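Each remark here refers to the structure printed beneath this line.
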């Protein structure tokens, strides 16, 4: 420890920071600190001049650690990325956004806080270790599960990008549901032509190996080198050289395209599907249209009933996305086949986003009737017609229609293939059994690193969107197919000298990244790991540390934190801010100049779930008046249940505090979203006031 | 000297086969009740009150008690572990609160 | 508080598909009775209009609407709650009064028809007595008793 | 997923390991053996067999508030040995061992600080002394820190494995057997050298505080140190010394916690009911007052009680509030629940003195001189067998630092011994018999359990004359207390009592085959009591052999109240494996450091040394 050489660089940010913080005073103090060999003040460290000045000092003085006191570490990351020193030996302290800007009204406090921040960061960088990225194998082979339109397209795209592709399909033939269709929409052309084209491309591409009648038996290993065993129940592949029969393949990434299944409307007995032969589903319609030449022309009076099973709390609580367009398509086909055909579509809402609206319009203008109102039941009358009785909500009166044919617009549900795969490789699915993904930000990612979704295995979607998603999945998968890949060393490291093998980390990891080594110690799969630090936060003996933030650093920062840096009567709040949301909100508070008391010193954490109970306890023990954990709202946590876990852990410590006759109010969790700096400022203000009322932390007097 | 496991706090270290208190107990006394998934002391008479389990329990679910024959009820002694420090709170039978906070490890 | 009682039954999740009305037997006979419309009025908070009107008394509580509502709204229950509200706020409509009068007089809500007798015979039940004097005496006694 | 217990001996799984060094007992000295061995030779294969978990096991389990032996400024290895010699009334004491220990004592203590144990410092930055060779630490994490250091050398650590006997090839020890407390397996560890470092023997005697309630283990020493290390040596025919020199200490009454913390650390004098300063009273004058040998300081308050001047106290009423707080912090570092105990009595030491009483006697060779008779390399009288820490005899007053140093020395001894050594030859018959012996109680338990029929409220075991380990343990402790000079008898005993004790120990040994266990934990208790019986027998034999009063309190013979100059020697014992009789022998004292053995050189007064 004694031989370390820290260089401290203070940025005035063209005078901005210095306006509020007495940098010269701090500079002088810093130069006296252990391990600090140089302190330099600069008007703009992020400028080319500034950067080269830093690099110069590093060479000249042989600095092994650098502390940059300037703007938020979330900013100027590119500028400070490469200073010619291991980036883990560079620490940035947020003087601008979270000190000078938000305490512009009180430069005395700002300077005092800056002093405390500087001290803590010095301690942090003192305990930092140089880390290098780890390279792991990423074989150039991809596996695509499901030979429907999504799977085929994924396979083609992957092969086009140079990957070796195994495309497996559980049925004896490719094409999936699309091959059962009569026409596509919006162009109403036959799917066969599209499929034929795809098949021939598959044929002609030597990098694509098609295995039909095949299913995934099991999957092990990590992204970049999954080992997948594939069971081929019978031969008969499009091109089936013997060696492709039963085998284990090593795949860098997996694209799941296990498709969908039609909803069976029998449970809605009122519509009599299966009992009344004139009542069919939209998929039956496609079949008949495909197989019976005259089918379309013959249907004099046809009724379509929308949302059968879909948007129905008792069946499929979601909208099946395609049914509106399917019915409109089929209605148009009927009209085209014979303009005298009478067609009524009984709907609830018609959903035709984007250019589909024009098809809807075409349908209306072509004389297809749209009646808002859903029949409650179907009866067969004496003439064998189906009498549809609906209260027309627009007309405000009941209307009757004697149909020759009633088409139930049934929706899509998750396929058995998806469930089978889920069981085989343990993939997270949602309550409708579609594959779970972070819908909003990473729709193509499954909950398991290196496994991606294409098409309807994730949610109902139509052909064009399936193909689109196949492309997206491919693009995501390519990262794992580059031969090898570098993993940033932020992942957690378990100190097995301390570890008691209690398994909590293994249990709580949201990404199931932990397994056991031969001695029963937890070991993290750095490729499954997303470095959220939830294991670090949960370890009862603080034996887990992240590359970018170690328990030792956290505890070290607490050692040096002066718990009365604003004077005896001002409470001190230690804020652990989630770097995805709360920390950025705090920065914005500064940028927007929202005044905010200087009582809070923030520590950036990857997730509020990364904060260990022992560290919280330590903070209180060392006299901090309040600890604020600021993370995302439960359902918004980037790491699934990070903030939820943070709350439980906080609760554990506050229980302890209660027993210890300390106020549980000294611990607080706040959900602060990235775009809510006002809330951040308000929270700090409020909390500081409250703590003032509460009085000093009794342990501070110790 | 007996330990007392607060049932609703103990989570049996996620109900795994060997919770931390069982791992650490110097007398092989703490163990898991596989029915309730919670820890318990299999022989109160044999506890030496070293408090290893109390200190290591992440849920603060284990308390130390003095047998009534030796000391009167109502007193409490609660440790709170930091990574390199410990904070004790002691409450006597008259409700007098005392606190002790000190370092237990030096950093390297 | 009363409206909560009704909210509980999923009123606000109605998305106006009209399936309730389409399947309503009463609506077939009396088009002015439109369950979906009642729900809409309620959602708008037009309670008084409903309570004062007689629509809510027309439901035969056959539960078809509740049975088939894709949003699982307890339509029948909601109508019942409305009736309860009406009763509590003593704004009973004429229709109810008529039923009450019939009840006190004959002991029945509606006159027994020949059809009914046939049905009972089929079901092997004893014939109903036309004599209602006993009933009215019971009610008088009850009234006398306060 | 606890596995099912074996129903027959054939179901017992066996694990065989070959190693260079087998360390039995991963406490303080055991860990130091491992560390030193790996330091000196990283290739040496080291195995630690630990009954508990090395993170918290042995005497340091609850923590430690002081290192009682450190050679501070103005002191020398000689001076500490002289002091130690005087502390045991002039010995006997193996000065050769003591000197070699003192030579490396400080480096061991200092390494603890280097590994992260916080030491209290005085204003000059020196270790804060609380007594002449006593320094204060914050030792709450002492054992975990030692354990982490040990693990960093990656020895093979077998936690939750209890040693049962030594393996022998002729007269050479070639490892040991044990059983897994969690996995129920039979462990056979072959080793070129075997180090015994299981700590001392607690629970031979009934504790004064043990009143059949949950206070059963209300005692000073870790009650799970049952003397297995001695027992396996006794059974293997190793020679033992000074087993009569029992550690009977003054403890805080009704809690049995350490008193030095107060009397030494805070200069609190012992007083009796009449508030007389006990050690200054004419009755004990000339014995050295506050710096009198430990056994005198232990015995004095008890004679006050026996002569009707109890209760006795350490007078803490002079302490400032701050001092009381420090006092409590010291306890929190060593025996935290004493602070709880005071709270449960609503007692403020600054207002009321703290009551003290005698402890039950312990055999702890790190404190007194009982233990294996070893040579300079810490090798016992059996080749390949070494003793460390409390197991090594002949040298009292080692305490934490000294026991660590013993570990280091034992490690060096073994490394010397194993070079060019083979693993020796296993005697499969011996193994089979041992396996039988170890698991018999469990198999017995299994059959009994199957037979349990009597209604609740009656003890179903009685119809089968089955004995629980608790029953025999309590019988032994009562016997030893009443007939072998326990605290209940104010540490006094005579020939007749001791013979009585021997007779009954003999009867219990005959009944060992009635002990049963229905789970692995009970199996541990069974072997605990079996080992205690063997140790107790030897202790009684030694007490009988020393027909004098050399260390009143530690060893008091009411029928021989004087010191007998002819017994100024080591009394040793060895089991004759042919007759399986314990044979007693004497070895002469060899004085290395000249001068009056009963006098410690007075300390050189230190500059700014006002503790």
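Note that the chains take the letters A, B, C and D in the order they are written out, and that residue 1 is the start of every chain.
The rule is short, and it goes like this: contacts are C-beta pairs under 8 Å (C-beta built on N, C-alpha and C of every residue); 3 or more make two chains touch, one makes a residue touch a chain.
For clarity, every value in this text was computed on a predicted model and none was experimentally measured.
Asker: Which chain would you call central, comparing Cα centres to the global Cα centre?
Answerer: Chain nearest the centroid of all protein C-alpha atoms: B.
Asker: Would you mind checking which pair of chains has the most C-beta pairs in contact?
Answerer: B-D
Asker: Nearest whole angstrom, what separates the Cα centre of chain A from the Cα centre of chain B?
Answerer: 40
Asker: How many Å are there between the centre of chain A and the centre of chain C, using C-alpha atoms for each centre?
Answerer: Distance between chain centres: 51 Å.
Asker: Using the average of all C-alpha atoms in each chain as its centre, how far is it in Å between chain B and chain D?
Answerer: So the centroids are 25 Å from each other.
Asker: Averaging over Cα atoms per chain, report the distance between chain A and chain D in Å.
Answerer: About 59 Å, centre to centre.
Asker: Could you list which residues of chain C touch at least two other chains?
Answerer: none
Asker: Send over the residues of chain B in touch with two or more other chains.
Answerer: 18, 23-24, 76, 86, 91, 107-108
Asker: Quick one: which residues in chain A touch 2 or more of the other chains?
Answerer: 500
Asker: What chain pairs are in touch here?
Answerer: Pairs satisfying the touch definition: A-B, A-C, A-D, B-D.
Asker: Can you tell me which positions in chain A touch chain B when the two form their complex?
Answerer: That would be residues 1, 127, 500-504, 507-508, 538, 540-542, 551-552, 554-556, 558-559, 612-615, 617-618, 620-622, 652-653, 655-656, 659-662, 698-699, 702 of chain A.
Asker: Tell me, which parts of chain A touch chain D in their complex?
Answerer: Touching chain D: residues 496-498, 500 of chain A.
Asker: Under the stated contact criterion, what part of chain B meets chain A in this complex?
Answerer: 9, 13-14, 16, 18-20, 23-24, 56-60, 76, 78, 80-87, 89, 91, 97, 99, 101, 107-108
Asker: In their shared complex, at which residues does chain D touch chain B?
Answerer: Answer in residue numbers: 1-2, 51-53, 55-58, 61-63, 113, 116-118, 138, 140-141, 145, 160, 181-182, 209, 211, 213-219, 222-224, 254-255, 325, 328-329, 332, 335-337, 339-346, 470, 521, 524.
Asker: Which of the residues in chain A end up touching chain C in this complex?
Answerer: Chain A residues touching chain C: 270, 307, 311-314, 348-349, 372-377, 389-391, 393, 397-398.
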